[in-house]
Amino acid sequence: MGKGFQGNYFEDFSLGQRFACAVPRQLSPALGEAYVALTGERTPAWCDASGLVNPWVTFHAAFGQTVRTISLNAVANLGYAGVRWHGPVWAGSMLRTELEVVGLKENSSRTSGVVWVQNTAWVAEPGGAERVALTWWRWVMVHKRGEAPTRWLEAPVVPTMPASVQVEELLPVREALRSPVETGAAWGWNDYAVGERIDTWDAMAVNPSDHMSFTRLFQNSAKVHFDAHGRDGKPLVYGGFVLSQAYALAFNGMENRLGIAAINAGTHANPTWAGDTLYASAYILEKAELSNAQDLGALRVRLIATRNLSPGLVAEFTPDVEDPKKPGRTKLHNSVVLDLDYWEVVPR
Amino acid sequence: MGKGFQGNYFEDFSLGQRFACAVPRQLSPALGEAYVALTGERTPAWCDASGLVNPWVTFHAAFGQTVRTISLNAVANLGYAGVRWHGPVWAGSMLRTELEVVGLKENSSRTSGVVWVQNTAWVAEPGGAERVALTWWRWVMVHKRGEAPTRWLEAPVVPTMPASVQVEELLPVREALRSPVETGAAWGWNDYAVGERIDTWDAMAVNPSDHMSFTRLFQNSAKVHFDAHGRDGKPLVYGGFVLSQAYALAFNGMENRLGIAAINAGTHANPTWAGDTLYASAYILEKAELSNAQDLGALRVRLIATRNLSPGLVAEFTPDVEDPKKPGRTKLHNSVVLDLDYWEVVPR
Amino acid sequence: MGKGFQGNYFEDFSLGQRFACAVPRQLSPALGEAYVALTGERTPAWCDASGLVNPWVTFHAAFGQTVRTISLNAVANLGYAGVRWHGPVWAGSMLRTELEVVGLKENSSRTSGVVWVQNTAWVAEPGGAERVALTWWRWVMVHKRGEAPTRWLEAPVVPTMPASVQVEELLPVREALRSPVETGAAWGWNDYAVGERIDTWDAMAVNPSDHMSFTRLFQNSAKVHFDAHGRDGKPLVYGGFVLSQAYALAFNGMENRLGIAAINAGTHANPTWAGDTLYASAYILEKAELSNAQDLGALRVRLIATRNLSPGLVAEFTPDVEDPKKPGRTKLHNSVVLDLDYWEVVPR
């Protein structure tokens, strides 16, 4: 075994194990500017002189830090839950991330297992104290190193995770509030209706350099995203790139957003490849008042990203279609690459 | 009609109407660095510690702000005139843009019309007062929403715009003056001759990610530049990208330039696509003294960008060729993608 | 001869001639962030709040400055030697570069000649005094302008250059020292053995926009890297891009590195093209104590970058293979694009 780190295998994890993730990162102003160049993000607070860090920048930088620990040997990223941002983060802050193993289950194939981790990202402004910036659960299927069964085959531990983040847990970033003149639209919380569909109309082509630059920017070193030769010319686009593109497209129709406050659940339904064009539509699932902010309101949004199909141009498009194999059940339309359930905060 | 903004149509405009364009932008140092990465720009004042913002960065950021208001439904960008930079802009400044409708003319097809707008971009340094940074006219052919004729079919209003910017109006950025040791060449105003042609010899390939990153960086969200799927794999390159590439190439032979001071007129003669390689040559149209700056002089330059043809390698190349359809008249050589008429300032 | 600079030819150089290279550059924080986006570099000191400039950023910015002077008419970049970094460089510093011609030899073909130059890059912090940041020798084969022989055909002058940088000359950047928690691995100088091979396992696809953005970022204007049309769609990847990618990949297994301290020699054995995927492996050639730093040690490393072959997956891979044309002699494996001999500093 040489020194070049090949990542942890299922056998390397144990319940309650804690990891400090390598390579602390400064959330610099330039990081935010590079994010704009790669996504076209327009939400005013993240491109004006506020000094606010885009919550997605914090997310990707923190997520990137965990890759070396948890997912270099991933078979599949199965999901995340209870993703919560804990208030404003300011440019120049240092970010570091820790994770704890909270669940383990070996698969019956004995070649892989599922690892559940709880993640915490801390930030500190220059000279300041650390505080929590982001917390989330994630579960990943990871290769086993060998054939010998582990105790998690017979006695798996599966953690209880929140099905959704409660409204009371949301911490809106009031500092991101801007006027309609600055955002370009007047829609407020009162204007949205449960069941409403918002087509965003825009489009974003995925170029090889775009998705790799994004993934490198956040120091996510999972080889699957970069090894064109080893993957017959088709390196897999990092799912987080799709998240950010879809969210950037969803500026249209949610111009007054203060920024994503929580993710309830997310499914990367299909892979995305360079050469695809992404589109997005948003569905309002739920509206909630915020007890700690009378002038703001929360929207629970279902954000659907499709590839090579613009939902706004297909009148009858629905993300959920009848499953021919399971009568009476639905499945996601095969153009869907992302199905994200999240909480957004907007002014009333 | 959903909330996802689909842009203004011809019927949405009225004479004298004023728009404050959405999404104010900080002109950060990182924006300038990203500009260098995407263009290779070498003019010293915009990559040293001066804090000066490249005038093209101001231009594209302001132009990008107007897109949501004026050109999401553009059939064609017909031209611009009287583009004037109003002195130095400093990194860290906030930029916002307004425009006023000054002309309207419905086309006889009744499916589109021409909108003339006068644009003003303001900058403010942190804590400072706003001042004008850039003003320009632009006219765009915009789709109509419906078939009913407007009053601008029978009674069009076409504004008078300046055929060129007067020398007296130029506001040279003295702060950008550097020594020949720093610029790499000694050419001054006295060395240039009217009629002179300058081949720049360099070349710049246009890659998909280059032009889209550039366009996203400046938050220009016109779908035509990003919708690879919807445009059969050929999203249109933003004309501003070609402007910046040609100007960056024109450093060769104009190394002592203080920066573009005004644009008299510009024609995007042909579309540019990813896969093209751009070349540039410059022609000195006119020389003028500057009454407010005895040690500086103005050059009126015709900057020609060609694709897939290096003018320096074709001895007999001229941008204007005989038009076979119109004896005695010329048209632009079909390799020409940009024909720009602008004022540059250089030391004497 | 027009004003567009076409570069110096062999006849333009004379022994002892000194050039101040054009376009001083600020080593901004954004430059470092762009470097991360283009390479995925993870060494903590260059992405945290230290303000340290990545030594490769200094290298490429300085090298880029010399291109206009020395290598626009290069037939081939033959090599470099004695590359030494002279201690920490801080973000915000201004960089400028000079070079001196120290050797000249016209080739017997009379169409080209070799120019040896000694290069020095200086940095100055804002308001501070200049100090040397980087020094190196380089030799380049340059086209002749004409056919007339020069005195360097009959009387060539070939300088003596160091075969390697001496350990005593290394100036470790102690400020880059981080804990294993931050770097992700505990390997120190004592853990490395002469002869050891480190497979880095990662991969990096080379996309057109990646290598051109990198080359533009550092204002290297050699046309060969950008002229897709003129080179039948195959612009040559800047060798420095390969250096940086290979070094970024070599983070795996050398996580505690303080940063490259010197280059003894380097060979770009084969060209790299967009579409290639790069891999890297490192060999420990030599270990040395540092008299000026008892808690640090130096490793002499041979860094091999391959294209489209992952050395870690080929058990019997060796960079040196038997040369079928020269029995008993070896040559580099034809997948090798870079063979770099350098000094790294790590904690004991």
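Some observations on this one:
Letters A, B and C name the chains as they come in the text, with residue numbers starting at 1 for each one.
Just so we're on the same page, a residue touches a chain if its C-beta (ideal position, glycine included) is under 8 Å from a C-beta of that chain, and two chains touch if they have at least 3 such contacts.
All figures in this text were calculated on a predicted structure; none of them were measured in a lab.
Relative orientation of subunit B and subunit C, expressed as the C-alpha superposition rotation angle, is 120° to the nearest 5. Residue numbering at the subunit A/subunit B interface overlaps only partly, since under half of the positions present are found in both copies. One simple way to say how far apart two chains are is to compare their mean CA positions; for subunit A and subunit B this gives 37 Å.
Across the assembly, subunit B contributes residues 28-30, 33-34, 207-209, 213 that each touch 2 or more other chains.
Contacts from subunit B toward subunit C in the complex involve residues 28-30, 32-34, 36-40, 42, 44, 47-49, 181-185, 187, 191-192, 196-205, 207-210, 213, 252-255, 275-277, 307-310, 312.
Interface of subunit B with subunit A (complex): residues 2-6, 20-26, 28-31, 33-34, 68, 92, 94, 126, 207-209, 212-217, 219, 221, 223, 226-230, 235.
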